[in-house]
Amino acid sequence: MLPQVEISVVIPFYDVDSMNIAWHGSYIKYLEDARCALLNEIGYNYKDMSESGYAWPVTAIKVKYIQPALFMQEIKVRAALAEYENRIKIKYILTDNMGGIIAKAETTQMCVKIATRETLFFSPKVFLDKLERYR
Amino acid sequence: MLPQVEISVVIPFYDVDSMNIAWHGSYIKYLEDARCALLNEIGYNYKDMSESGYAWPVTAIKVKYIQPALFMQEIKVRAALAEYENRIKIKYILTDNMGGIIAKAETTQMCVKIATRETLFFSPKVFLDKLERYR
Amino acid sequence: MLPQVEISVVIPFYDVDSMNIAWHGSYIKYLEDARCALLNEIGYNYKDMSESGYAWPVTAIKVKYIQPALFMQEIKVRAALAEYENRIKIKYILTDNMGGIIAKAETTQMCVKIATRETLFFSPKVFLDKLERYR
Amino acid sequence: MLPQVEISVVIPFYDVDSMNIAWHGSYIKYLEDARCALLNEIGYNYKDMSESGYAWPVTAIKVKYIQPALFMQEIKVRAALAEYENRIKIKYILTDNMGGIIAKAETTQMCVKIATRETLFFSPKVFLDKLERYR
């Protein structure tokens, strides 16, 4: 099974808007927090990536907002690797403590060879090797 | 023709990441800046919305990142109203000064009656009236 | 002894600047995270404040930056209540895992009665009562 | 006379908190916007700095908040160079459109030689030369 992780976020004051709910743009941070936790779990975080000679810029992001997240509310962000052969696609579900869905999201990252700035259309071996143990 | 506007953004230092390019999450602010300019142009900005008894939370967001935006680079963000009858859908194109595409995006907003917290599936008259002069 | 708390922050990617260190403005969030933890500990957090009829806006902030905090570095933020009779003054020390000082800071908050918008020059009883057990 | 500049900021939705006023931490961005405009005016912006072999990290920041800045309010941020011989000290005044003071602030930046990471206690000639025409 492909790797997945779940993190907790307590909505901080500096993220809420005049409705006292998390501003929709703040979710991009929660996704990144979960994505970094997932990449840590895989053993291929942002530092590992650049040490391996590759950068993985985010090339697409989609978020569907189902219900608001309130100031001080604890939410869960689950991140699951969905594709890895040609790019990294991660799917996210944000839920409240009762399992009610707050948002769903998806990010895509392409692999760029740092030395040549060339985009790869197949994931490099260093990343695929890290996923060996999940298959 | 449906309304559209274009704004300029100079990528500030606080938005750039360790690559010296705008962090992908910062684009959500640029979209909001352009959206607010578009709603001002229509005469139905966030203040007008809440004074009219309605809130229009963002319910979906999509961004495709084509090329990076560099620190201090001036970019253009064009926002065009794409749907208005049942919800607000706005399409965005971010370009560099040569017209090269930096990103494309889309946001969807649903109308919520503040008093009853009920979601409307048709845009209220107050908003449609504002669009009269564009048709 | 007056209350104090310590929290951990792992510097996230979205907070780092082109030097790969936390942008100096991001520290304001870490201070707020620590301050909210301290106020939780006291039993008088932002929700309790507004339910008690008072708001406590930040009226002054000072930060001294001693050494940078790196991407993914875990830092500690200690917040200690320093004054409470007439206003809330909190002092902060940010340290690395070896105890090396990263920054020092101080925030001041004044009490405003929400109903009348009047500034109080003595802390209200509801807050002083919460501090009873620390004296 | 030492250089000074004034910029305009319209408080964006993503900066306001649950009171519908700019979150106090957002001011650090407005200060940076004004500081960058001042450094542009001097002809020694962040790019010029690093091209000259020096970085100028912010080592201290102080803000006094006098009155709130509201969502969509246009404010002015005036930045004036206050010291330059040994470090850069800039003083800021944020005002509303009637000249009423919203906040006062001060930032200090030390000069670091990038190649050696050594802190300089006298400003380098490249910067002093840029100030020649103001004296």
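The first chain written gets the first letter, and so on, giving A, B, C and D; residue counts start at 1 in each chain.
Keep in mind that, in the parts below, a contact is a pair of C-beta atoms (placed from the backbone, for glycine too) under 8 Å apart; a residue touches a chain by one contact, two chains touch by 3 or more.
Only a predicted model underlies this, so the values are computations on that prediction, with no experimental measurement involved.
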| item | value |
| --- | --- |
| Touching chain A and also chain D, the following chains | B, C |
| Distance-maximising chain from chain B - centres being C-alpha averages | C |
| Selected interface, A-C versus C-D, where C-beta contact pairs are more numerous | C-D |
| Angle (degrees, nearest 5) of the CA superposition of chain A onto chain B | 180 |
| Chain centre separation in whole Å, for chain D relative to chain C (CA means) | 24 |
| Distance between chain centroids, defined by C-alpha means - chain B, chain C (Å) | 34 |
| Computed distance of Cα centres, chain C from chain A, in Å | 29 |
| Chain D residues counted as touching two or more neighbouring chains | 13-14, 19, 25, 28-29, 32, 71 |
| Chain C residues touching chain A - in the complex, by the definition given at the top | 12-14, 28-29, 32-33, 36, 45-47, 71-72 |
| Residue ranges of chain B touching chain A (in the complex, touch as defined) | 19, 24-25, 28-29, 32, 55, 57-65, 68 |
| Chain D-facing residues of chain A, complex | 13-14, 16-20, 23, 25, 71 |
